[in-house]
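Chain IDs A, B, C and D follow the sequence of writing; residue 1 opens each chain.
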Amino acid sequence: GPKAPEQQQPGENNAPAEKPLKIAMVTDVGGVNDRSFNQSAWEGLQRAQKELGVQASYQESKQEADYATNIETLVDAENDLIWGIGFLMGETIKTAAQNYPDQKFAIIDYAYGDETPENVVGVVFKEEEPSYLVGYIAGKMTKTNKVGFIGGMDFPVIHKFHYGYLAGVKAANPNVEVMVQYANSFTDEAKGRSIAEQMYANGADIIFHAAGATGNGMIEVAREKGKYAIGVDKDQNPDAPDNVITSAMKRVDNAIFNVAKDLKDGKYAGGETVVYGLKEGGVDIAPSSSKLVPKEILDEVEALKAKIISGEIKVPATKEEFEAMK
Amino acid sequence: MEAKTMKERIKNLFLNETLALTILSIIMGLLVGAVVIYISGYRPLEAYRLMLDGIFSRPKYLAWTVIRSTPLILTGLSVAFAFRTGLFNIGVEGQFIIGALAATLLGYFLKLPAILHVPVVFFGGAIAAGLWGAIAGFLKSKFGVHEVIATIMLNWMALYLSNFAVEQEAFKRKGTESSHDIHETAKIGMDWLKESLGAATKVNWGIVIAIIMTALIAYLLFKTTVGYELRAVGFNKDAAQYGGINVKRSIVLSMAIAGALGGAAGALHVMGVSYHVSILAAMEGYGFNGIAVSLIGNNTPFGVILSALLFGGLTYGGSKMQLIGVPTEVINIVIGSIIFFIATNRIFRYVLKCLDRKKLQKGVQ
Amino acid sequence: MDAIKEHIDFQTVVVEMKNIVKKFGDFTANDHIDLKVHKGEIHALLGENGAGKSTLMNILYGLYMPTSGEIYIQGQKVDVKNPNVAIAHGIGMVHQHFMLVKPFTVAENIVLGMEPTGAFNKLNIKKAIEDVRALSEQYGLHVDPEAKIEDISVGMQQRVEILKALYRGAEILILDEPTAVLTPQEIRELIVIMKNLTSQGKSIIIITHKLKEIKACADYCTIIRRGKRIDTVDVSQTDENQLASMMVGREVSFAVEKGPVKPSDIVLKVEGLVVEDNRGYEVVKGLNLEVRAGEIVGIAGVDGNGQTELIEAITGLRKVKSGKVWINGVDITNRTPREIFEAGVSNIPEDRQKHGLVLDFTVAENMVLENYRKEPFSKGIRLNYDKIRSFAEELMEKFDVRPRNKELKARALSGGNQQKVIIAREVTNDPDLLIAAQPTRGLDVGAIEFVHRALVDQRDRNKAVLLVSFELDEIMNVSDRISVIYEGKIVGTVNAKETDENELGLMMAGGGR
Amino acid sequence: MLKDLAFILGTTLMYATPLIYASLGAVFSENSGVANIGIEGMMTVGAFSAAASAFILSDVYGILWWVPWVAFIIGGLAGGFFGLLHAVASVSFHADQVVSGIAINFLAPGLSLFLSRRLFEGATMTPAIPLNAKLPRPLNGVIENSILDTIFNQYASVYIAFLLVLLSWYVLYKTKLGLRIRAVGEHPKAADTLGINVYKIRYFSVILSGILAGLGGASLSMAIVASFRPTLISGQGFIALAAMIFGKWKPQGAMGACLLFGATTGIQIYLGSPQVGLNISANLLSMIPYVITLVVLMGFVGKAVAPAADGIPYEKGER
């Protein structure tokens, strides 16, 4: 049966003193429960709702043209902070920030650098860092001296995973060959499947993916063939508990929660880009790694983590940086 | 005198049959949606009020509805036009992509005064997509390749071609997954309206151009020799050939025009709303929605305008139901039901007939 | 007893339709019609186009429900709700437009709906073929059970239709205009078949517009005019003129009145023409032909000897493989249909629905199918609908197209009226050469008279006319000269006044002159 | 080299399978004279229902041998339900078949996502099915460590697809039913005058078409992967439709077209693989299947002729 609405109507309430903070997010085309990125963001907001008492809501996007209208909708609903989830929304958020100078925005995965508007917080992650760590694990654990990487589309964001991983593998064992293939899709699970099948058939025994749903196909092959796989963005171990040895996690939820907390504390960092690396607790390897990765290796990983945090190790994020490293 | 009765007859027919049945279908579709919303645990009336408010409560919202409907008018028109000439254009999706791509290329790489830049970009997009559409027409007339297959294949090719172009260094904006923006001279915003509607509302001349295009296509189809030829070929190729019409040329021309319309939609979208093209992870659905728009509009040019507005309103206003947590799928279910009821509007006719009969019988008794 | 009635069993009425009324909306297609058919009888139905004959038979076969009236079959009152009921009561119907599935074989078409099957629903096609073969032996209807419908002649298709009915055990056979598309030979064969069937106790109801056929085969004839039964007559006691006037309600002349022929310049010249058919076989093999202004040349021949391809080649609808075609001395070989039209050739096509009309266009739009680009119908690319409409109105008046509504879709016209639209259009083009292919197929005598008049008028205005027809009567009555086509060549040309059916028949069978 | 070939063949089979089911569905529907553009939606709902039932059934009853099969069949039935809707609209109510098909392409995915949200805590995708609740792989472990394994160690759905091609061919061309289906698609009135119930045959064919499309979707979500998500089908229904036309409305032809499409995809993936090491944009590689399909159509296939009455609603008593 019908239940009362959880949120207030837009533009209805204007008693400022008692009003809880309203924070909303616009998802990208994946939708809010994509068991990945958007979902992680939504979990962060829900945590903020629970722990900080903010009022959370979202608007899902079905196509690029929805971004702007969804933002409008949320502006009209008098949210205190509006999140854009994903780098695809970068420009839309920027335009919106210019159009609504009094409205606070934040965006995941986008750095405007010096041009960051005063009413936007950019949040980016050092995806190369956890990728480096999982690469190291792969390099250590491979029996065939061959590992694989499947990229979604040939983007700079994906390059961070790609080259961080390469560097990690090399650091563990310079003799390991890394097979790399881009699927040119974040959705073609069958393609992820056949690329993985081919890599496993050609001797790879561990594959890491940064390919969204396409990677699902890869995890499925690992599950069927009893091979190892490395997940991305969130802990993907539940998808194949015996096969996903670790995951390069991006704690979008933490970032969202932290920004909400800052906002509540009056420390909204408008005009800045916040970088979430290992140091900030914004990225990590999955806690479930201990199930399948030997303790010695995890210990080494911990040491590496410390070195990265201290700056002793600089993880490459692009092809250029990776090549310069050699 | 005869003319007048004729007109009246047409008017009555229109009012009584098609339009009434379409409206009835829309109401039925909304009812189905209401049931779904209710099952989901929300209040249908409240959700719909939110949707209607989301369309009508502010001028800005109306403007957004129109903005969202603009490309649908043209993609719907493209499908309707092709239908009228006996072709099924599933390829609007790809034609839209090509039109948008070409418009962005011209809008970014060319430097011209606005008075030239706007038409160059617009027609450039339309012509590029027209050529793209013509490929399917050519394959059909020359090799007998069914246009449904050809356009489905061309859709995917367009998607990857566009992604390939955006991937090129000279075109891609650094640090983004998009191309550079087109120059100001190629944009068609109605900036003077932004004051009253808010700066974020991308009101633009697209709707005016789309309506002009619709009128032109209606004129072309029904009032010119070219339209006569295209329709003749659509109805009966053999008779058209017998009548001296070049059938193969007509098929190519028809696909080219349909393609150009799809491309015009893409170009206007770039010039008025997005200003660039982005790497596409999947089809955006402008073309497939265009098919729906065309069908709701009964494949008539002016019906397409109304149905595009309806479609735009439902998707734009409907997205606001999320504010109370109603999932967006509801809107797709509503749209699907509307189309389904339009398809089966004989159900209503049948019901009406039965009611009539009952009434008559009662009258007799 | 009369010789032709030897098989009739006057004791047994197999079909009786009483007081049949059928309304379509306000229109009464059948107005209290009675019909009685005896065992072993051939009963003809005669009436103008649209008189209501097909409607009456469709009611008997269960395709339409009568508005009122009763049907008795073998003395038993039957509610013929659908064809299944009709079939079960031994009624078979061969429809005006064949009901054959073109890509299927003869056997498949015949057994469809009553298929012999084996285990697993498997079609026992062997048994089907054997059954069909046996059936065709029994009734002397020779067909190849394994041939595909699309590959066999119209006459063959007709036999398949009859076999279909017989396969279902039909005792009463309805034939709706079975001869409209047959050649004279095929018609003769059909009549033999019908006689053969009645001698085996079957009854036949036949609809035809050809009075000669009625005379040749029918025992009784019921005449219908505008939905009403006028009379039922003993065919042996009447003649063709009487039948015609009963049907139309006035005197009809069969002879085509025309003055002496005055041929002048050569308009059409065809030399060494070679054309292939759709399957790539040469069917026109080095054909020569000349038509002069002021004369009507008739092409006589059995269907399938290259007539269709010849005309399509002349009019540009089909590629010429070799040879030449001139119009008024200008080489038009392999030109486009439009160029050939502009050179002065008009064509009343054989297949009116395929080539002649865009059925979903209005009558008005159809009237300008070749001329829409010319003034006054258009200017630049703008069509002038006012001019088109008034033009159509004028033509519909002149050529008596009914109903007189130019906004009606051509689809809604009866076949006869559709033909009139085409004739009106083509004759009004005032071409130097008018080609008329089977121009009177399926038309009633009144309409035929009208078409023939139009052709002769054209000739009298010093235009060339090329008439292609399978109807020898038509060819002999209308033409001035007759060329006989056989296996893709003209095997002889004779003066129409100096020949007879026998001579032509011989030539058409390949015996040259 | 041989290994690469085996890989391409294996990929071919995998990719072609869902398309084969769906295009067989289209073959039945269109041969009976009902155009079915709703295949895409029917596949989607099939994929969802199968994955959801496999998950729920294995949750409730544990992983039993019949679970995947029941789920697979549920996927087919879900597709069949939308087939029924399509039949009601286009057969009984003489609806424009394209319109009805498009409606289904909105309704079926809409309903799938809606149900998914209801069943799985707001998620538009199902959780992963346990490995043993997926369809079985009959040859798994039988031909291990050989090239044959790469090619033929496939899910049961693959073999079933090919059996269905054979069966469809048999039904369409060797049985009474098939003769009637084709007759109704070519000349419904002729069939009607022979006492064949045109509506019944069309209902049967269209529902069967939905079932096959649903199975096609299920073969994706229960074999190739182990869950449903909104992007799972994304256009494959249309590709299947194209394959049906490409295959000239025949089961064996459609199968050939699907295999061609699978093979070109396999080649594309192979060319993009690190061991080939081509330095070509992935976007250009991605175009390969579509370009090849068009070229093949241009060069070899020639004109295809649809059943004469395909797409035309049949009304009794109309001429």
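The rule we apply is simple: contacts are C-beta pairs under 8 Å (C-beta built on N, C-alpha and C of every residue); 3 or more make two chains touch, one makes a residue touch a chain.
In this text the structure is predicted, and so the values were computed from the model without any measurement.
Chains joined by the most contact pairs: B-D.
Here the CA centre of chain A is 76 Å from the CA centre of chain C. Chain B and chain C have Cα centroids separated by 46 Å. Inter-chain centre distance (chain B to chain D, centres taken as mean C-alpha positions): 28 Å. Between the Cα centres of chain C and chain D there is a gap of 46 Å. Within chain D, residues 117, 122, 124, 231, 234, 281, 283, 286 each touch two or more of the remaining chains. Residues of chain A in contact with two or more other chains: 153-154, 184-185, 187. Of all possible chain pairings, those that touch are A-B, A-D, B-C, B-D, C-D. In the complex of the two chains, the chain A residues touching chain D come out as 31-35, 39, 153-154, 179-185, 187, 189-191, 193-195, 197-199, 201-202, 213, 216-217, 220, 223-224, 238-240.
Residue ranges on chain A touching chain B, taken from their complex, read 1-3, 5-7, 9-10, 29, 57-60, 62-66, 68-73, 75-77, 87-88, 90-91, 95-96, 98-100, 111, 153-156, 184-187. Chain D contributes residues 3, 7, 10-11, 14-15, 117, 121-125, 128, 131, 137, 150, 220, 224-227, 229-232, 234, 265-266, 269-270, 272-275, 281-283, 285-286 to its touches with chain A in the complex.
The residues of chain B lying in touch with chain A in their complex are 38, 41-44, 46, 50, 54, 58, 60, 64, 68, 160, 163, 167, 175-178, 198-202, 269, 273-274, 276, 278-279, 281-282, 284-286, 315-316, 319-320, 322-325, 328.
Interface of chain D with chain B (complex): residues 85, 88-90, 93-96, 98-100, 102-111, 113-114, 117-118, 122, 124, 231, 234-235, 238-239, 241-242, 245-246, 281, 283-284, 286-287, 289-291, 293-294, 297-298, 301-304.
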